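Letters A, B, C and D mark the chains as written, and numbering starts fresh at 1 in each.
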Amino acid sequence: MEPKPFAGIFPYLVSPVDDQSGHVKDRVLGGLVEHLISAGVHGLSPLGSTGEYAFLTFEQRIEIVRTLVDAAAKRVPVVPAVAAFSTMDAIRQAGAFVNLGADGLIVILQTMFPLSRQEIEHYFEAVARAVLCPIVLYTNPALGTADLTPDMILTLSDVPNIRYVKDASGITGRILTILNRAAGRMSVFAASAHIPLLVFMLGGVGWMAGPASIIPGQCVRLYDLYRAGQLEQALALQKRLWPINELFQKYSLAACIKAGLQLQGFDIGTPIPPQRHLPGEAFEEIRRALEEMGRAEAQ
Amino acid sequence: MEPKPFAGIFPYLVSPVDDQSGHVKDRVLGGLVEHLISAGVHGLSPLGSTGEYAFLTFEQRIEIVRTLVDAAAKRVPVVPAVAAFSTMDAIRQAGAFVNLGADGLIVILQTMFPLSRQEIEHYFEAVARAVLCPIVLYTNPALGTADLTPDMILTLSDVPNIRYVKDASGITGRILTILNRAAGRMSVFAASAHIPLLVFMLGGVGWMAGPASIIPGQCVRLYDLYRAGQLEQALALQKRLWPINELFQKYSLAACIKAGLQLQGFDIGTPIPPQRHLPGEAFEEIRRALEEMGRAEAQ
Amino acid sequence: MEPKPFAGIFPYLVSPVDDQSGHVKDRVLGGLVEHLISAGVHGLSPLGSTGEYAFLTFEQRIEIVRTLVDAAAKRVPVVPAVAAFSTMDAIRQAGAFVNLGADGLIVILQTMFPLSRQEIEHYFEAVARAVLCPIVLYTNPALGTADLTPDMILTLSDVPNIRYVKDASGITGRILTILNRAAGRMSVFAASAHIPLLVFMLGGVGWMAGPASIIPGQCVRLYDLYRAGQLEQALALQKRLWPINELFQKYSLAACIKAGLQLQGFDIGTPIPPQRHLPGEAFEEIRRALEEMGRAEAQ
Amino acid sequence: MEPKPFAGIFPYLVSPVDDQSGHVKDRVLGGLVEHLISAGVHGLSPLGSTGEYAFLTFEQRIEIVRTLVDAAAKRVPVVPAVAAFSTMDAIRQAGAFVNLGADGLIVILQTMFPLSRQEIEHYFEAVARAVLCPIVLYTNPALGTADLTPDMILTLSDVPNIRYVKDASGITGRILTILNRAAGRMSVFAASAHIPLLVFMLGGVGWMAGPASIIPGQCVRLYDLYRAGQLEQALALQKRLWPINELFQKYSLAACIKAGLQLQGFDIGTPIPPQRHLPGEAFEEIRRALEEMGRAEAQ
């Protein structure tokens, strides 16, 4: 049976890994999932950029997907990211995640040597054809992944299960180009580099992002206000939420979300070495931003 | 007397220069001004990026401002761009343009060696303090001008006549950051790299752009629909207009606007050498886009 | 017992992998090793950039190091590259390679999020301290690895077994800076982006490079001529060899070396998918360059 | 009569401009010329990158060329740089400089919009054909000028008076490519981003550079040692001189040379605003480097 189309708020999850043993902190992750689902999120996406994909072994990825699928227990879809340099590695991850119960896959192509348009398209198509579930294309050139241009996305929309794209270029005009050209065949998720409400207005179906792990309730409310046609309130809320996005653009994304969750009491651990915890001032700045938002919400 | 605040559609004008003699084609420029004003535009901005500022002598700039001030005859404000590497050159241009009757100035800092934050801020402040008229800050790192970050814009908003900013970075989130932090002290104009309707929704006051020279009527309509609260129609129109922006991002901006005006019958001449006319296919593509938009409008 | 210091020509080896099964083509690799050793090379470096490190699984890397250690049979040192994003992954590779008999390690830090100077230095130091063998630092910002500045290299030269650096930035001045400042503590290998003879003249100890797989004899002769003080002949040979380097900068490095070996009769296979074979014209261009060099040599 | 081919040390001169009046400090400039000629330099190049070309008016350029031609009094050739965005501006500068007595011209193309290969080549060819004197092509992508690839340089070498190229890319391999392909038709000058002695060894004819203004005697000695075949001594001197190049790469080039000359007693003034003097620590660092070199020389 066809899964319900993905839409709404999909937090990008961090990967809590013990920095001595390398073991995934399953219990912490399970607790985080419970917290997010009770805040009303519409899906869960581990192993994306916030999930520090490049730093994880295959075994750690498996452990994280298994934990999430168990914890979510079909209440919301689990859509992990496959990230690889080689097609064979990507297909292996994709198969394993689907076997564990993933409801869809985000697909990321890491790059070393420059690739031609054909080589890039071939990778995404090969992964999509290796599974039956819906595929979310992901592009984030600033993090060293292949840049999927609107033309390439249009070509890939011919593959039946390639249905979504998450554009993290920060250039909102690209999203309008994609929606204008691939309307009906491709749905678009906002990334943190965009202003999510504006992407909703252009026709985007949701927001896949790290910050949604930290302020899940407000993100869900933003989406609900938009869906209810209460544009003025949505815009006011979006403006209040924006400083959180700014922080996550200022500091290394994954480290920042780990810091924010740590401040909220989750024993999430450090970024994976050689990355270190953010310096004390950054923690302070994040704490202040969260408090300020809390106060604004309370009014 | 204080001029009316700048708002609405301000086409960025091309600089029609005879490529043999170097003379400004005053009559062609005058005709273009008449055409734009009768289409309802709210202001005119020569000597910006579309105006090929880097390619012009001081004398050519003077001639262009004089022609525009005469042709506009106070019906709409004329806000030319000052663009220079040195503070002294910028102040000289600013004084000359104001003496000729300019109603405000866009200020651009071209860069050669890397500049410190203090050096950049000093330039803009020095030009602003040398005149009495309102100043529009302009930043477009892709064209080799100094990048004005939100922090720098906030600092500069303390100078009384620095009132506007035109951000051409394409990162729409920056505009929300500026509006959140400098609300009431700084108004924002969209550039072509942004989706103008979204900038209006965030609180932007208008659109300064090259494409508005080619499709002035539709741009004015977009602005009017937004102002009238007819958001649905505005969004539909914005989607139809977007392919024109895409073209102007694909091809060199100034060359593209010159081609579009040539196709509409204005004897605007070539881009300033060593730049050449766009190749034939590009002209064809622009012609088709304009026709398609015309058809869509007619329905 | 301390190994003899590394010096001379160390070809960067390709990774011949069957693109259906993912198995390493051990026999082809063994044949290549025999060919290179009989041409007089001074060492062998698998798993570097030419070795497509980012595309390989841990198991494939193990298989390649084992094959090389066996085939070299202590006639020349085997110095494979460790390449990872996480410190833990790098240490695991390092330990495994040394256990298999590697004589030294090149260490590469792949990057995703920006890293601080401390984070970068920590990675290299941690890997070096985990083994006893000599370490070669490697930096190649163009391929998405951490950039090791001269200051960082100087700091790392305090770690006793960090003895070598291979700078692939192409900025030859950097090598002089390193040699001026870390003289006696750090030896420098040229990369293909530099003119190797000039690096020898500055005090460099050798050349680690992909092209040395294709023209091993000429590379060894260049080194020998330099060592014998026959500078004029060395310069003439260097000038004749340079077109090969140019080709390998024009086309994707690994694909180019695989093409060159294929043309020389080694059944090396394709670049690892999604990468494809170079197009036919590129093969033709490589064939012509090799023939031309052959003719020049014969005279 | 044909001028003697350009060869040897050509200091890039700073542009001493009074930061209140904008007047060129003719007397200071004349004194500097006398100092450099008595140190043995082989030519003088004003208005290059060290000369802050982008910050100068046409009138200031004229004044500087006139002062130099007068001060040099035919003892060494004066080869100023023409730098412009438009072909017409470049031809105007070229004609004026030649009329004032310039012996050759360096030609620089500043860029705003991306230019095609044809557009770039056309600019250089047009300027060269407008004068009779020898032309030096200059390329320095890091400073926003058009990048002249080896292929383009080869094409331009067909224009009879285009005889020299100064490559400031820092990629020394490019110089070997140019010399291999355009041997006999194009002579190459080193820029500060290269190690000059290595460029001499590859067949380069000299060094055009800012640092030669500060340490003219040592630069001339380096060139003389190379010409006399005393390679070992040349290499030792080159190594001692290198820290000066490093400093000039660390700090903004023109500001750094102005600071160095100020420290040597020349009342050269500040960099042209909005640029400011280097901070005190930088002055201190430059002072120490000059002293250290002085001590080394004295031994």
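Here, contacts are C-beta pairs under 8 Å (C-beta built on N, C-alpha and C of every residue); 3 or more make two chains touch, one makes a residue touch a chain.
Just so we're clear, the structure is a prediction, and the values are computed from it rather than from any experiment.
**Student:** What chains do chain A and chain B have as common neighbours?
**Tutor:** Looking at chain B and chain A together, no chain touches each of them.
**Student:** Enter the angle, 0 to 180° in steps of 5, of the rotation superposing CA atoms of chain A on those of chain C.
**Tutor:** To map chain A onto chain C, rotate by about 180 degrees.
**Student:** With centres defined by CA atoms only, which chain is the most remote from chain C?
**Tutor:** B
**Student:** Could you put a whole-Å number on the gap between the CA centroids of chain C and chain D?
**Tutor:** From the centre of chain C to the centre of chain D is 36 Å.
**Student:** Where the centres are mean C-alpha positions, what is the separation of chain A from chain D, in Å?
**Tutor:** That pair's centroid distance is 51 Å.
**Student:** Going by the touch definition at the top, which pairs of chains touch each other?
**Tutor:** A-B, A-C, B-D, C-D
**Student:** Show which residues of chain D lie in contact with chain C when the two form their complex.
**Tutor:** 170-173, 176-177, 179-180, 193-195, 198, 201-202, 231, 235, 238-239, 242-243, 245-246, 249
**Student:** Flag every residue of chain D that touches chain B in the complex, lowest number first.
**Tutor:** Checking each residue of chain D against chain B gives 22, 49, 52-57, 85-89, 109-116, 118-120, 122-123, 126, 143-144, 252-255, 272-276.
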